[in-house]
Structures are given as C-alpha cells and as structure tokens.
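We just call them A, B, C, D and E in the order they show up, numbering each chain from 1.
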Amino acid sequence: QDLTIGLRAGPDSIDPHWSTLGSQAEALRHVFDTLVDADETLQLQPGLAVSWTPIDDTTWEFKLREGVTFHDGTPFTAEDVKFSIERIPAVTGPMPMTLYTKYVASVEVVDDYTLRITTNGMAPSLPNDFTRLFVVPSETGMEAGNEEFNSGEKAIGTGPYKFVSWQPKGDLVVERNDDYWGEAPAWERVTRREIPDDAARVAALKSGQVDMINYVPATDYLAMQSDSNLDTFVSDSIYILNIAPSVKDEEPQPIKVNGQEIDGNPLQDVRVRKALDLAINRDVLVNVVLEGLGTPANQLMPEGFFGYSSDIPAPAYDIDQAKALLTEAGYPDGFEIDFTCTNNRVPGDAVVCEALAQMWSRLGLTVNAQALNGTVFFPAAQREEYTMTMSAWGTLTGEAAYTYGALVHTQDAEKGFGNFNRSGYSNPEFDRIFSEGSQTLDTDARRELYKQASEIAMEDRALIPTVILQSVWASKAGMVDFTPRVDQETRAYAITPKE
Amino acid sequence: MTAALDVKGLTTRFETRAGHVTAVNDVSFAVQPGRIMGLVGESGSGKSVTGFSILGLIDAPGEVTAGAVLVDGVDLRQLSTEDLRKMRGRKVAMVFQDPMMTLNPVLRVGDQMAMAVRVHQAMSKSDALEHARKALEVVGIPSPAERLKAYPHQLSGGMRQRVAIAMALLHSPSVIIADEATTALDVSIQGQILAEVRELADKTGAAIVWITHDLAVVSSLADDICVMYAGRIVERGTAEQVIGGPRHPYTQGLLDSIPALHEPGRKLPQIPGSTPQLSRLPEGCPFRPRCPRATDLCCTEPPLDVRDGQAVLCHYPLEGV
Amino acid sequence: MFGYLVGRLIQAMMVVFVMSVIVFVGVYAIGNPIDVMIDPGASQEIRENLIRQYGFDQPLWQQYFTFVGNVFRGDLGRSMVYNIPVTSLVFSRLPATLELVLVSVGIATLIGVPAGMYAGYRPNGIPAKLIMALSVLGFSVPTFWIGMLLIMGFAVNLGWLPSGGRGEVGQVLWLKTSLATADGWAHVIMPAVNLSLFKMGLMIRLTRAGMVEAMGTDYVRFARAQGLPDRQIVFGHIMRNISIPLVTVFGLELGSTLAFAVVTETVFNWPGVGKLIIDSILQLDRPVMVSYLVMVVLLFVMINLVVDLIYARLDPRVRLKGGS
Amino acid sequence: MTDPILKIDTVSKRFTRRPGLAERLAGKFTGGGKPVTVHALTDVSLEVAKGEVLGIVGESGCGKSTLGRVIAGIHAPTSGSVTLNGQPIADQRGGTIHKRTTQVQMIHQDPFASLNPRMKVGETLAEGPRYHGIIPADQVRTRVRALLEQVGLEAAYADRLPHQFSGGQRQRIAIARALAMQPEVLVLDEAVASLDVSIQAQVLNLFMDLRHDLGLTALFISHDLSVVRHVCDRVAIMYLGRLVELAPADQLYADPRHPYTRALFASIPTVGTGRGRFEAIKGEIPSPIAPPPGCAFHPRCPFAGSRCRTEVPRLTAAGPVRTVACHLNDGGVDMQKGAA
Amino acid sequence: MAHIGNVLAVPSAAPAETRVMRLRNFWSDYRRSWVAVGALVVIVALLVASFGAPWLVPQDPYDLGQLDWADAFLQPGQTGSGGYVHLLGTDNAGRDMLSAILYGLRTSFLIGISAGVLALTLGISIGLTAAYFGGRIEALLMRIVDLQLSMPAILLALVMAAVLGQGVPQIILALVVAQYAYFARTTHGAASVERRKDYIEAARSTPLPTRRILFKHLLPNVLPPLIVVATVQVASAISLEATLSFLGVGLPLTEPSLGSLISNGFKYIHAGRSWLSIYPGVFLMITVVAINLVGDQVRTVIDPRNSR
C-alpha cells in the first residue's frame, strides 16, 4: 500500500549533513538513521546506538546496534559513525550541522560496535545533540556533494525506507526497506510532496491528491473536524510565541507619551513588563484567535521538557492590576510603542500579533503592530532594530540549555551565548545558575538548576511567553493511525493503516 | 453611343453629430468611352465621396440615398451586394491618391495583383502573374517581371502609382475613377503619368473620371469638366467650354484665382470667404454668400441652365465667350 | 543580417550586464542571507565563519566581480539553500513552467485572435460588444483571485479537476512532459486557463484594434474597389498586417507570462520556476535570485531577437541593419 | 542690386544617422555600422537684398525646407555661414548654433500642424514678443488685436483655439505670429501649398499687401512655378541639394537656361495651354544619400555628356544678374575631366 | 487692409466652440455606451464610499481597540457585540468586513492613484526630455526604459518590495519603479510625433526657451492620451498591489488593502468562510473592471478616428 503525504516543507538536499532545518531532518529520517532517537515527547530512545553512558566528565561511550546493514548491503559499524561525525564539518552550508558536534573533541572506535567520544569540557547534552546525527556509510567519501545525494547515488542509509527520487521543492519518493532493523514500515512506497501553501495543501487533501497533510492551518481545523471525510490529529508543539521587550538603555524605536519621545526606556522597568504580561488574555488567544489550537504558556518550554518548572504560576489575566503596575511605574496614560512580529513563520503569528496589540490597547497603550515577512524581520531583528518583537521559538532538543543559552543568557559572542538575546536582557544571577547547570552531569541536579533558571527568567519577564502552538495533521477518513509528535515531524514509518 | 458611365441624381448623406450632411447632392454626369472627365472642386466639395458612391463603397455613417449609376447600361445601385462586388474591378476600377497607402505594404506587388486578377477570372496563379506583368508593361514600368517580386516600399512613388493604375486596368474596365491620383507625386513624375493616362484613354477606350482640385491638371488632361461646389456639380461642359468660357460665377472665380493667368505682382481677384462647411449650408444656392452677383433670388434653389451642352446651376449664369 | 545579429547580441550583453548590476545591488540591499537562514543554536563564530565563507564580508564590488568572473566561467553559482548549481535548479523546474506558459499562451492565442478579429470585423454588433466586455474582465480581474475561484469551483466543490500540482510526466520522443499524459492535462488545464485570461484579453483587444485600423486603411478600400470579397480581404490582406504587431506582443507576452506564472504557480502549487523565485526571495537565496533574474533578462532579450527576426520576415519594410 | 541683407555663403547641410555603440562594435566584425549621410544641401550660396522676395523652387527632397531651416536657425549648417546684416546668425561651431535670432521667422506649410492646438490664438501671437521683450507687457493685448486685424481677422478671435479656424484663417494666424516678432526676413515654406485655389489667392494677396506695406524681405519656398512667378522678384531652382539656376523671375520664365529648369517648365500643366502637351522629364529623382557623381541631373538630362558624369558644374554667370550651374553654359559637356 | 477683414468676416469660422461645449460633446459621445456610464457611476460611488468610509461604516478596522474577538467569523448579516449588523460578516479578528473592505479600498485607491500619478510624472519627464533633446540623451534614457520594460513588472515589484520592506510608501515606490517605464515609453512615442510637428518648429525658430517649449507646447499636447493610459495604469497598480500583498510581500494585515484582505481570506476558503476572500475580491474586481471600462470609453471617445 502506498502513502502520499502533503507537507509544508521538504528537505533542501538529500545530504543528511547539509542543514539543521527541522524539515530536512524529518525527511531524511526515512532514509538515514540517527545514533539516538527521540519519542513523540522528545524523550531519548535508542537509535543506531543501543545505549550511551558517560565514562568520565569528558567521555561518552556509545554501544552500537549489531546486524544493521546499509541499503546497499554493507554492514553498519562504528567506523561509519566516526566518518559521519567527521564529515559534518566538511559539509559547509548556511545552516551547518556543526552545531550538533560542537562538543565533540575526538572520536575513538573501540571496536566495531563501541565508540568513545571525548568532549570539550562537560557535555551532558551530547546524546540530545546526537538525535540529529545521521549516519552515512564511510565509503560515501568526504567529497560527496549534494548532487550525488540528490541523484540517489550516495543516498544510502540504514533507515526504514530506501531513496527513490527527489526534486528540490518537489516530491521525495521512498520505498520500503525490507531489511530494516526495526519494526517494518507499513507503507510500501511513500511520496512526500512539498506543498508550502496552506490552502493548496488543504485543497490537495480535500480533492484526494494526497492522503494526509501536516500543518493544517488553524483556520481550517474546525471545519475539518466536522468533516466526515477527514480525520484530524492534534498535538502540542515545541513552539511558543514569545514577546521580547528591549531592555536596553536606548530603545531602538522611540517610545512616546502623548506624542513626545521620552527619555529612558519604560521597558527596563519590570513592572511595565509585568503589566504587559497581565494584560494578555491567553484564553482568548487560544480559543478565539487560534481557534483552539494552542495552550497558554507561562514559560519558554512546554511541560515535561528538561528544565520546565511547575512552580511558575499559571498566567493570569488582570487588566486592573496591570493598570495599577503601569501607574506605579509612572505611565498612568500608557505610552506608544512599536511592536513587530513575523507573519509567515508559524501558523497564527500574525493574528496573535494583532490580537496582542488589541489587548494592550485596552491597557491604554498605543501599539503600532506590524507583522513582517521573515525575510525582512530576521535580519532587522538580528541588527536589533526593533523595540519589541514577537516570534516563535522551539526547544528543538527538548531541554532548557538550548533555549536559555540562546535567548536569555547575557550576550557573549565568545562563549556563544545569547546569540538570539536581542532585547539586551542580562542577569548575572541567571547566567551563574545556567553555567552551573551546564557543568553538571547529574541529570536531576541539572534539571533542578535549569528549573531555577526558568523561574528567574520568568520572574524578570526577560521574555513574555504567550501561547504554545498546537499542530494538526489531517488525513482521509479511516485511512491511518498516527500519534503526533511535539516536534511536529511527520514520519511515514510511524503512520500505520487503520484496521 | 451609350455612355460608359452615366450618373443620375446621385445623392449621398452622412450622419454626423451636427445632423445630416449631404456630401453629394443630386449629381449627374455621363462619360463616353475613351474620354476623360475631370471632376474639380475645392477641398471638401464632395469629389471623393462621389467616386466612392459610384462604386458603392460608402460605409456607415454614410449612405447613398438616391440616384442611379449606370455602367454600360447596368444600374449598379440596383444590384445585390454580391453582384455589385463582381462589377467592381471588372467594370469599374478606382485609383486613389496616396500610392503608398493603397498598396498593401506587406504583400508583394505580384501577389496583390494576382489576387485582383483571380477574383474575377478563374486562372492559375502563374497565369495571373503573367497577366499582371502585361498590365505593368502597359503602364510603362521597366522590367515588370522583377517589379512583381518587389514590395511596395521598394518602388518609388511614381512607380507605385503606375502599379495602382495597372491594377485598375487588369480587367479592361469600362470606367476608371482616379481620385487625386497624382496629387502626392512630384511635378516631374506627375507629368509622366498624365501623359500615360491620356494615352491609355485613347488606346483602351476606357472612360476615365479624373478627380482633382488642380485646375491646371484638368485643363490639360480632360475632355470634359465638371466643377463641384458643396456637394453639387455647379458647372459641366467640355474642357474648352469650361476653361475658355466659364458660366458659373464660382468657376470664374476659381480661374481668376490662378496666378498664372495674371501679370506677376498684381493682386489676384479673389473669391471672398472660405469654403463652406456642408453642415452649415445656406438656403438656396450654396455659393450665394461668396458670390458677387448674388441677389435675393439666390435664396431659392438655382435652376439648371444648359447651353451648347454646357450646363450650369445658377440663377445668373455668365454669358461665357 | 549577420551584422544585425552581432549588433543585437552585443546589445543584449550590455542589457544583461546592466541588469545584473542592478539586481546585484538590489539584492544586496535586502540584507544578509545568513541571518535569515542560520540556525538559532548556531554560535556567533559559526555565523561569522559562514559570512566569510560566502564572501558576504567582502565589499559589494568585489562580490560582484567574483560573480561575474564565475559567470564567465559558465558558473552562475550555487543555491545557498540547495547547494546545487543554480542552472540545474532552474532547469529542473523550467519544463513545468514552460508547459504551463505554452498551454496558456496557446489558449490565449487560439481563442483571443479569432475573437478579436471577429470583434474588429463587425465592431458594432452585439457579439463584438460581448467579446470586448469579456476581454476587459480578462485583463482586469487579478489572476490570483480568479485562480482561487477556479479552485473552489472546479476542484473543491465539483471535484472535476485536481486543485494543484503537476500531473504525471510522460515521454514523447526525448521530451519528458506532463502534456503527454491525460493526468498531466487534467492538472495543467486550470492553471493554464487562469494564466491565459489576461493574455487573452490583451490579444482580443490588440487584434480588434489592428482589425479596425486595417479595415479603415486605403489598401483595404483599394482591395474592395477591386471587387475582392471580404473573406479574401480579411485573410489575404489584413491577416498579414495585423499579425505583425501581434507577433511582437506575442513574444513579449510569452516572456511576461513566464514572469507572471509566479502568481499562478503559487495559487496552483505548480512546481515551476516562478515559485522557485518567490521562495528564493523569501529565503534570500541570493545566487538563485541574481542568476534567475539574469536568466530572465537573457530570455527576454532572446525572445525579442526572435521576434525581431520574425517581424522582419513578416514586414518587408523592416530591414535588419546593425542595431535597432 | 542693393546691399544684401541676408547672405548665405557656401552652406552645406548633411544629416548623419550615427550608429549606436552596439552597432559600431558589431560593425567591427561585419564591416557594417557606418554612418548614413543625407546630403540635404551642398554648397548653396545666395544673397537676398532688402525688400526682395526670393523664390526657391524644386522637387520634393531637394533641400528647400532644409535651406529655410538653416536660415531660420533651426538647423546649424554643416559648413558655410549665414549672415544677416553682416552678423552671423547661423554658424557651424562644433555642430551647435552659435547665435540664434528673432530676426528670421518662418511660416510653415501645413496650417493644421503649425499652430499649437491647445493654445489660444492670442497667446500664440503674444508669447514670442513677450518673451523677447519686443513689446512692453501692457501693450501685448493691443498689439495682438492689431496683428489679427492686419492679417484680416477679427480681433475678437484672439480667444479662440486653432481648431475653430479654417485652413486659410490659420495660415493668416501663422503669418501674424511671424510678423509679431518684427522680423527682418520671413521664410515661407510652401506656405500656400495646402490651400485651395480660392483661399490661396486670398493669402497671396495678403502677402503681397504686407510686403508692400511693411517692405518685407522674404524667402518664398514653393514647388508651384506659377505662384512663385507671381510673387517673387528672383527665383532659385534647386536640384538634389544644389542650386542649379538663379535668375530674376521674368528672365527665368522667359528663358530658362538649365535643362532641369526647362524640363520642369515643360512638364507642368498650366491652365489654358490646351490638352496633352507634356514633355515629361524622364526617370526618377535620385536619392540624396547617394547623389550621382558629377552633375546630379545628368542621368535624366537629354544633353548630358561625359563631362557631366564626372565634374560638378559650377554656378556661372549667364547674364548680368543671373547664374546657372550647367556645363552647357560653361564650355560644353563633352570635355574631359581635368580640362576644367 | 480693411477690405480683407470685411470680406473675410462674412462666413465666420467655425462657431466659437467653448470648453463647455467640448465637454458636452465629450459627454454625449461618452454616454453612448451605457456600460461605461455605469462604470463611471460605480467608480464615483466606490471613491465616495472608500474615502468617506470613516463616516459611513460603523467601525474603524485599524483601531484595534474597537475590535472584539468575540465577534470573530460572524457570517454576513449577523449582528455583533457592537449591536449593528455585519453586512459582509467579520474576519478572524472580529473586524467588520464591510468596514475593512472600504478602508482597504481606500488604501488601494491611495496606492493606485499615488503610484499612477508619480509614475506618470516621472515617465513624462523622462519621455519628454528624451523626445525633445534626441540624440545621445534620448538614446541613453530610452535604453534604460527599454531595459526596464524588458523586466516584467511583477518581478521588479517583487524584488523592490522585498528590498524596501512592507508599508504603503514602500509599495508605492515599488509600483512606481515597475510602471514609470510604460509612461516614459508612451510619452516618448507621442512626443516624438508631436515634436516633428510644425508648431514645435515654429516655437523653436521664434525662438522660445526649451523649458517653455517642453511645458507649454509639447506637454499639453501629449498629456490627454497619457491621462487615459494613466487611468488604466491606476487599475493595474491596484491589481498589482493586491497581487503583491497576496504573494506576501505587499501590505501587512494591520493596514489592509484589498489584496491583503483577500490574501488573508484565502486561508479560509476551505473552512467554509469563503466570504472573507470573496467579498474583497468582488470589490477589487468591480473597481478594476470599472476603471478599465471608463478608461476604454474615454480612449474611444478621444480617438480622432472615432470622432464624427
């Protein structure tokens, strides 16, 4: 039986080491396996490695799965893993995967199925990073480029499916690998069709051209739910829409009171940030704006993620208190502020943006909301040209270091922290606890530290989380069974025909 | 001898915003085979419309409302559209003013001519081309076979006008109407063509209506002359009669206006006023406002006065010579 | 003739040169592609390395000369997103667009020209008025909206035609095209009609205008005076004359259809170059943008050249001297 | 003859279409891309006395209008000079006009094209003098009215637009516009050619009246020999950019010397001469891009000899006040080149 | 000279045709197509409705404070929390569609007209300069224009919009850049014809200064046909802006034009909320078609070939 899936995004290349894009990993998983796998809630699972243990502070040992063969019949060994790790820095693209091997100092092949990895300093998150470590056979060769992979010549992995064909922006066709080491996939042939336009993707499903689609837009969700020809699948995602208020001494876009530019940055006052937070009616955002496809967020990660704190209070909506705080901070009549968001990055970003502006206007603020294309938004945001922004962030690795290191930690180019901390937030206490966490190998102790870090950041409203987005899949009625994943990946081999 | 072309009471009207305009008003004349009739008049007097009316080529918003056009005794106005079409080119042919515009710029001369041949005579393309070649020879075009392969723009103005005349001659028509056929040409070329036309009329016996505003041309080319004013023929007679002894004050005025007939440097006798607009013609004689002889009587329709075959539409015709 | 060709080629090269400078500067002004693409987790060091690797740290003119140098070596660069040569990327998508464009221009011509000729031949009749009214609709209503309505009507509600995408690809001789299969036609017909409406409106109006003008010319009068029947006047004389401006427009439209396919391709999810360029603009895939635009200009120049040659063939008055 | 007011000294005018950069580059490969030159005027020398009307006659394309434009300062001559009262008015200095003048005014052929269709007649008449300060601003209105009356129109017409006038009336307006500048010299380029005979007579009469009243000096360009004879004192005949004969009108008409002049007279139909007496000039007018060598008229000339094919005839005196450029008048046609 | 005056006064020239009469004639010709009359009425109505929107519609769709999320997705004809009927329904933000459409139409008109006028001005300046001076200046200017015409407007506008970012001024600029070349070409064509006419030569031989010839003589005579072209270009600017907004590089939803409204509504066509894109689309279509129809008829009327 064949399956055709309409997807919002496909891979950019069949080279699994080409790019860090989620859509890339999602697609290539069908052909290649990673050393470590993650389940629907991003908890680590054995992949090509059956186990991993820290031997000392800077060494991890991985035991590899035996009896696995590549699609061309060559057996899988530790050499292949070593080769894959070493190949990553050799593949240079705009989204390099060196991100995931940055802790690797050296790789030692102990025997065919044992591998020791020495890290630069302590690297507790190495197994997490290796959920993106795709393994290619060592005879692939360092020179192999995207063309060789795209043509299928080098598209040889150990994965559940074999590569058949791919066109950039077109169909990725794979067929079942009958020698797969894991559970045999249900579909003989899978076509993953890239249909970026939401409406077109929905239309393709409705007109029967595809069996299933991902990223059902919120707008269509309700109608689909009640459509007897279709089944829908919903799940929380890792993406949270966060507001980033600039706390720099000189805000990039002027803030005005009564049309006059003011000295000083009101956003530096935590009371103002709290007022902004309190004025957000997250229930409306979820139920009305996102048509039910979301969950109110009170921190930067969904529940269950490594570093999530259940002690942070649930988000409150209290316009009176917000007004009081604002008055206390010295802005009884509010102020005028620019608010910039993305408009096409994640479902609902533009509408939430607009809704927030509306909610703040009830607080007496004048909010000039502008939802911009990512092409315009990201470079400008990176240049820190905006006073207050909103964009989505996903904790891809399922643990806090990834997010806090990039978003909340004081900007520190040398250590590679705070790269995306565009608001200029800096709290030495937070930085200290965070660093301590990254030097702690003990899982529970580390979890506790990250929890503390979460609490500090949220108490400071370094960023104001609004909603966790949910994602929806839809299929022809009665055709498939499917357990959605928080990372939104659509894995054909995890989809089974409905009995 | 019956006239090759006999026009009787031809009247053509145009509908304009300003109301009905009678561009050709009760025009009658006859042309005998082998003779050239010059139709003169100032701009807007209705010469061209007369020509088109004869061939039934008046389009909306115009309409021929009355009269008869007899060609070899057949009234063209009584014919069906299809029969009329078959008469065109075969019995009555026409040549226009601008030789650059009358030939299709993107077709070879030969192709255009062959098309014109074959529309009335069933023959092969090569026969038609041969026929066309002969026609070109007749009008004095050197190396006609090569000219057939040329495009119009590759020919000079005079050459093009000769081609147009040759096309008119293709089916040896009884009547040829030439509308300002040499106006756009240089004097030296005009001279060449006029000489050839004269010869053609004598040789082929076609009746030719030569429309022009140039009195000098008609006086040296035509056998008979009709003078048009404001849609009417105001005077008609042989060339000698009309040039030598005009009887209509307008004709007299026209001739007087020609500098060549006066001593250099002297003031010219002039017709006052300007040529009238057809939509605003006065009652009675249209020339009345400009006429030195006009009286109150001229507010009524002028009578036709014929003497020695010289007809004139006037209450007070001149006595002539 | 030969001199003319050489002149045109040199001219074309100048056009392409100027265009590439403009495009390059324009694209440069948008921003640094790395900031759009880079992974959130990447360190500053990685970012700077990348910027250096792609040469974005160099001054603009240097980047440009590197680009030109590569072009002269026949290398239009590689897509930053796909890391494959831009040419093969574009050429892998071009057949789909060409299919769409050819079918739509075909539809526009086959319907537009006869309709326009009729409307010009009897300009005052009711059918002519209707044709003209439809032509106004055709070129006024925004393409994407019509496309949307078509999808809603024929794909979603009636379910007669697929809502988008390209159909099965078949093989005729050495050509791989979806026009070889019934499924392919089912897919192409709706987008092609959508794309053709604008051109059709234009064709109708141009043909009509040409026809009306020709009907009033002296050579048509002269032909009528020779007793040629209308049919022969229209097909023997006028056809040739109005085909001259039509060819020009046809050529230009072929080019602009190619460009306008952007919209239709987006609405119908047609895997052509139009969508590629939109995506590369949104992703700031600079090499693709620049090279694509340069290729489009080249294509336009070439189409213009061919049009000129045909033009000269049709209109004997045009002589091909060096340059225009 | 009195002192010449206008002096045209060996004026030549060539129009060159220069190929573009691409064409020139292409020309390097193919040998093309060379400039195409039209020889519109070649070595024309003329003098016009004050109060004189000089007729210029010739067939289409012979350079009559170009001569008029050079004199009016619209074109700069390629070589040679034009002086008015001894002052250069048009000179060739690096291809640009050295000094423009209001002293020469031009009247064009087509009265329908020579008036700005969107400008009121009064404004058309007033703008030149007003701009050049010829009339004090407060007198402009009266002057315009006077001008209109001078050319036989009602003063009230000043507020109308050109399309409300007939051809003859428009030509009067054009004349008034030229007169408004109080020029020394008028250039009338086929000013009556497009008018009907009856109207033409009116305008000619007006011209002659004005000339009489104002003592106008004028160049009267026309291809109509009888009109020229009627209004001009002297006549210049041009052929393919060159002056071929220049003589007082009565002498020229009585006894044309140049074969071209003679042929021209013979081929023009005239009223009252009776039917069918044409001796048309044979052949076509040659192209000014590649004028024939020697005497430009020789391919059509019945008297042409071998000398005519190689040597350009000079203008030589053919009487006390007339000149002609023909070898017949200058030693015969059969002499070999080099003898001259 | 009195005699001439007297003689000529007899049949006076064409009667003084005043501006009023010319207008009346124009109107009587225009009126002959009732479709065009209807189109004109529609345009006037739309202009009044869109620029009078603040006084006509119940809601200011830009004022976020006036929106209530509880009113989201009301069907056409339902009454919302404001107590008034939403004739064309509401969108996902509870925005009254009729209000949004009229405000959007206002933005569209504003963009279309400003872009049209600016492009016209720029195009005329370039075209006139090129035609009048000729030679190298002409060659250079027209080469640039040709160059630009060889780039399809939509691609140009796309790149421009991407370069300049989103917002009304930016989109106007993008449209001007994409369109001025048409005007330059048309002006150049018309002016090259006019320039050869004798009245220009007369002005030059007077001589009048170049600027005066350009603006008093040449410009008024090339302007009328250009204005017709301009109306049609306004329509295409509106349409192009909508397309850009649809493609996601036009205006943001927070200052909606018809295009961004349609684009936004397009997301809902499969969700049974087709009114969100259909109604703005219908308004867009009516606007553009009406402008084109009017432009068409004006062109027909002022075409000398059609005058009687």
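Assume contacts are C-beta pairs under 8 Å (C-beta built on N, C-alpha and C of every residue); 3 or more make two chains touch, one makes a residue touch a chain.
Predicted model only: the values in this text are computed from it and were never measured.
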item	value
Joint neighbours of chain C and chain A, given as chain labels	E
Between C-E and A-E, the pair joined by more C-beta contacts	C-E
Approximate Å spacing (C-alpha centroids) for the pair chain A, chain E	46
Euclidean distance of C-alpha centroids - chain B vs chain E, Å	50
Computed distance of Cα centres, chain E from chain C, in Å	24
Centroid spacing, where centroids are CA-atom means, of chain B and chain D in whole angstrom	32
Touching two or more other chains - residue numbers and ranges from chain B	270, 272, 274
Where chain A touches two or more other chains, by residue	203, 206, 344, 373, 375-376
Multi-partner residues of chain D (at least 2 other chains)	20, 166, 169, 202, 205, 209
In the complex, chain D residues that touch chain B	59-60, 166-169, 196-202, 204-205, 208-209, 223, 226-227, 229-231, 249-250, 263-264, 266-282, 284-285
Sites on chain B touched by chain D in the complex	42-43, 156, 158-159, 186-192, 194-195, 198, 213-217, 219-223, 239, 243-244, 253-262, 264-265, 267-272, 274-275
Interfacial residue positions of chain C with respect to chain E in the complex	15, 18-19, 23, 26-27, 29-30, 133, 136-137, 139-145, 148-149, 151-152, 156, 213, 216, 255-256, 258-260, 262-263, 266, 277-278, 281-282, 289, 293, 296-297, 300-301, 304
Touching residues on chain E, where the partner in the complex is chain C	35, 147, 150-155, 158-160, 162-163, 235, 239, 242-243, 246-249, 259, 262, 266, 269-270, 274, 277, 281, 284-285, 288-289, 291-293, 296, 305
Interfacial residue positions of chain E with respect to chain A in the complex	63-65, 67, 69-70, 72, 92-93, 162, 165-166, 248-249, 252-254, 266-273
